[in-house]
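Look for chain A in each of the two complexes below; its partner is chain B in the first and chain C in the second.
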Partner chain A sequence: MSRVISLTRRDLLGLFVSPVAWVIIFVFLLVMGLTFHLSLLGVDGDLRQLVAATYGGLVFWFMMLVIPPLVAMRALAEERRLGSLEMLMTTGVSDAAVVIAKWLATWVFFLFLWICLLPLWALLSTVGQVDLGALFSAHLGVALVGAGFCSTGILASAVTSHPLASAALAIALNMGLFLIHWLRFLYQPGDLQLRWIDHFSAVHHLGDELTRGIFDLRIPVWWGTFTILMLFVTTKVLERRRW
Partner chain B sequence: MSDFIIQRRRKARIHVVLQLLLLLWIVWVVNVWSFHQSIRIDWSQGSRMEVTASDRELLEALPRMVEVLVPLDIDPSASGRVRLRVLSQALRWLDELSQAAPGALRLPVSVDVNRDGDRWEVLRSQRGLEADAVNRIHLFCGERRLSLDVDDLALIRGTSPLEPEQLPVVEVDRVRESIEAALRQIVQDQLTEIRISQGSGELPLEGSRGVSLQAFCDDLEARGAHVTGVDLTLDGVIETDTDLLLVIGGGIGRFEPLGASVRRAIDRHLDNGGGVLVLLPSTGICGLEDTMAAAGISVLPGLVAEITALPGAVTRPSYAAVGTRLDPFHPVTASLARDRIMVRYMPSRALQVSEPATALLATGPGAWLEREPGNPRRQREETPGPQILAAAAEVGAGRLVVVGNWSTVLPGSWRLDARRFLLACCDWACGRDLLPAGAGREPVSNRIELDDRIRRSFFWTSSAVLPGCALLGGLLMAWARRKDS
Partner chain C sequence: MIEVESLSMSFGTRRALEAISFQVPAGSVTGFLGPNGAGKTTTLRVLTTWLLPDPGTVTLVVDGVDLLRQPQQACRRIGSVPELAPMPSELRVVEYLQFRARLKGISHSKISTELQRVLEEVDASEVLRRRIGTLSQGYRQRVSLADALIGNPPVLLLDEPTRGLDPRQVTHFRQLVDRLRGDHTILLSSHVLGEVEQICDRICMISEGRVCLEEDRGAWTERLATAGSIRLEVAGVVESIEKELATIAGVREVMADGSGWLIRSDTDVRQQIGTMARQKGWTLLELRRDPATLESLFLQLTVSGVAS
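Here is the complex of A and B:
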């Protein structure tokens, strides 16, 4: 565990000293800040609808789908390309620990981006009553769905040694997860398939449930198990060199 | 040696595949478990979507599957947007209930009539819905259907002559209460039998919507009633299965007062535990004055007049009576009394009430009883307000409600608080739940006024201050790196 923590710290430090990370933070805050402002105008100051409006639009989903792959693209691909991964393995750290540390660093950085938006909500709470329950559950949703999207980013990074190819692959995987939601138009309400699609749909989880303050145990169960599955597959991909 | 290595690699690959399959199976099992054992918590402010234990009990007690269809055809005006918000909230609540008990309530189907016209036509023909049955929540249980209007789901205040620029707002949110009452009612096997008196000059039940009671009857039927006409002058008998007899004292021509034999039949009906709702004619008598007098209700000569506000801040006396005072303890009005109700009748008779009757609805003190026909004018000798516009009494085992106006059942007037009040009267008089019960709740408003100062401060904070901090952080990091190197 201590190795995972120290590896995570090292990777996080690596992320925060990289200029790319600060460019990502800058662009993210600019785009999401303006989205927040436009959402506030769009809902005409109705703070009950603001959480759903801010964390449910196209810009929000673009950020959700693109940022984790961009942050994760260098996690393993760069290490393999530079040959530092083998060096890391010689220190006695297990493959699983490396994968978990890389994922954790990516996820923490991703969460940091969203936490940076909180001052806007704090400012808003000085002039009106923000629905804190809905805001909390929306951020929980961002964390859960983000965990899944970061894990696909780490998997893609393990599969290829080219960071851009890794980012493209991860975006494609995330897009697949995102598009599951649109399968629901093939079924009628009441169909079991529709309920299963809702069970897996990130859009349903965030747009219909968490941004409105509804927490459903299915959401952490699905994204938790999905993340574990992806990290397990990533570990096996790293272990591939042994067989 | 190489064989040994190949064998070990093969074994390792098989192990990896087995591990992967095992993990996939575990993921599947855990998700299937959570799919069936869902735990939902509402963290939102006010917990509007929290399914309580009583909601679960209601759903578990539903004997059959209830299906829901919501056709939407909302205009883009401010009023339309408010109505859409109410319907969306109702859809979400039905969705929550359906998730809590998928075996009792099917997920609601909503269809945009304009964008998805073909689908709407198919659903409409399947369900036997009218072309204008839009912007309502239709609940189906077997052959039975019950519809809820937006006005049942919320009390919406719109523009008025005094406040023409007032934006429509939801004053009372009754979504949960209305849906609960509708679910309770739709699973009942027995329909409420309502007979409407015909043959004395009353409006016909069917026909062109401008000169018939069709809109009124459709609304009653949408609430689980079976509405038929009865010509008391011919039959002279009110069938024993009648829950409510409606006497509407107005029509296209002159309303003929009911005869003595009809009055006796109505008295017998009341004695047998039936309900009677009388909507008084604007002038003359309805023929049931003795029955009403025995119950403590008498009709005063003349009409209620009031100073009415007109657009452009002009006021003038008119025969428009506005009922604003409700009996907060009577079952008819108890659920309405919390709302700021405004029942507008044009014109209305004034009633006098004594024991055992109860005044249900009265005007404010500004109204008066105008005895002289013609243009109303406030004079000192006229009886001042409040004037009683509706009253109710228990007569024997039955229930009698008298309302001073009949024209409220005309399609043009059948709306807003006048409609809500009359439906509540029907509900009580027939002794069944025809209407969504419960008082509802005042919606919590978290709206802030977006003045120029707030707009500016949020714009600069979101577009400059926060990204600027990130830029500064990046520059500091670059400076620190350069210094270290």
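Here is the complex of A and C:
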């Protein structure tokens, strides 16, 4: 466990000294700040609608789909390319510990971005009544879906040695989880199929339920399982590519 | 001790190692030699558990731990200096070594003592607070060596450890290896044959993925002594001198060499040549023994690929 913490701290430090990370932080805050402002104008003063308006639009989903792969793209791919992965993995640290630490660092960085938006909500709550329940569950949703999207980013980073290829692959995977939601519009699925589509749909979990303050235990179970599965596959990929 | 038996390794269809076997006795310093592409780095990477050998590899034991069955336990007994050790340039030396110490399971309370010890060992205490990105190649190499020494592992695998060091640092490195000898089993891959000749107790030479020589110092010194040549030059033109010299017991080969001849023999035959010259009335201009060097042995074995 202490090795996982050491590795996570090291990776987080590596992220915060990388110029790419600061570009991501800048763009994220700029775009989400604008989205927040436009949503505020759009809900016409009804602050109860603001959470769903901010955490459900296309810009929000763009951030959700693209940011984790960009943060995770260097995690394993860059280390392998530079040769530092070999030095890391020949110290007796298990493959699983390395994968968990890389994912954890990516996820913590991703959460940091969203935490940076909280002062906006705090400021707003001084002048009106924000739906705190919906805000909390929306952030829980961001954390859960983000954990899943970060895990696909780490998996893609294990598959290739090129960070940009890794980011492209992870965005494609995340996009798949996003687009599943719209299968219902391509044909007329039956009730059972519709339930399966909803199970796999990130939009359904986060956009339709959590941002409206509806908490269903199946959502954390689904995203937790998905994240663990992705990390397990990443460990196997790493083992295979290494040996 | 390191025991390797029938180690094979392939990359796709290319065989990098062909069932090589060798031993590094406990406490010894073994030079691992071979031309580029011979398989030295691949062997070291298998020993650090980074690469899994082909099925059929019989034994891979490091300090009594089976590397194939317990890779994590085995690599905790190994300190390695890779050929090109990439280190995070943004970190200070102390931060990097603290991180490495934590990964190697050194307890928090012992880390600073351990870092002080390894940095003193490699004579790099003065760069403790410097950023790795600002270090010279020599210091980077020493930091990498300090990293390998963290936790006092019984086995050290050093891949070109003196690359980038200046002559003073190379001398210091030799002294360091001398201090480590006995307590550590060291496998040292190097192209600097003079260095290997000076510091190694044993050599293992590989070529094209096969071991072509594995000998301790006594055996290779004797091999060099007998593998030398004798140079002879006499005044005037002497008919059939090559045939005459070939009749001397122990002479293997006589070759013309400019104005004289090179004689290869199993023993030192200078006395017999001198006697023959006196009997035949040759006027000796030169009769000199040129001992073989590790370099000439290296060139001979790695070209032919087979130990005589």
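What to note about this one:
Criterion: the second predicted complex is superposed on the first by the 235 of 243 C-alpha atoms of A that agree within 3 Å, B and C clash if a C-alpha of one lies under 4 Å from a C-alpha of the other, contacts with A are read in each partner's own complex, and residues count from 1 in each chain.
As a convention for this text, a contact is a pair of C-beta atoms (placed from the backbone, for glycine too) under 8 Å apart; a residue touches a chain by one contact, two chains touch by 3 or more.
Since this is a predicted model, take the numbers as computed values, not measurements.
In the superposed model, A:Gly176 lies in contact with neither chain B nor chain C. Applying the stated contact rule after C-alpha superposition, one finds that A:Thr90 touches chain C and leaves chain B untouched. In the superposed model, A:Val17 lies in contact with both chain B and chain C.
Using the contact criterion defined above for the overlaid structures, shared-chain residue A:Ser6 touches chain C, although it does not reach chain B.
Legend: residue contacts after superposition of the two complexes on their common chain; A:Phe36 is shown touching chain B, with no touch to chain C.
Once the two structures are superposed, chain B and chain C can be ranked by residues of chain A touched, with B on top. Shared-chain residue A:Leu82: touches chain C; no touch with chain B.
When the two complexes are superposed on chain A, the residues of chain A that touch both chain B and chain C are 17, 242-243.
The residues of chain A lying in touch with chain C in their complex are 2-3, 6-7, 10, 13-14, 17, 82-84, 86-94, 242-243. Touching chain B in their complex are the following residues of chain A: 16-17, 19, 22-23, 25-26, 29-30, 33-34, 36-37, 40-41, 44-48, 116-117, 119-120, 123-124, 127-134, 136-137, 188-190, 194-196, 199, 208, 212-218, 221-222, 225-226, 228-229, 232-233, 236, 239, 242-243. The part of chain C that touches chain A in the complex is made up of residues 45, 48-52, 72-73, 75-76, 78, 80, 82, 84-88, 90-91, 99-100, 102-105. Residue ranges on chain B touching chain A, taken from their complex, read 8-9, 12-13, 16, 19-20, 23-24, 26-27, 30-31, 34-35, 37-45, 49, 67, 92, 95-96, 102, 106-109, 444-450, 454-455, 457-459, 461-463, 466-467, 469-471, 473-474, 477-478, 481.
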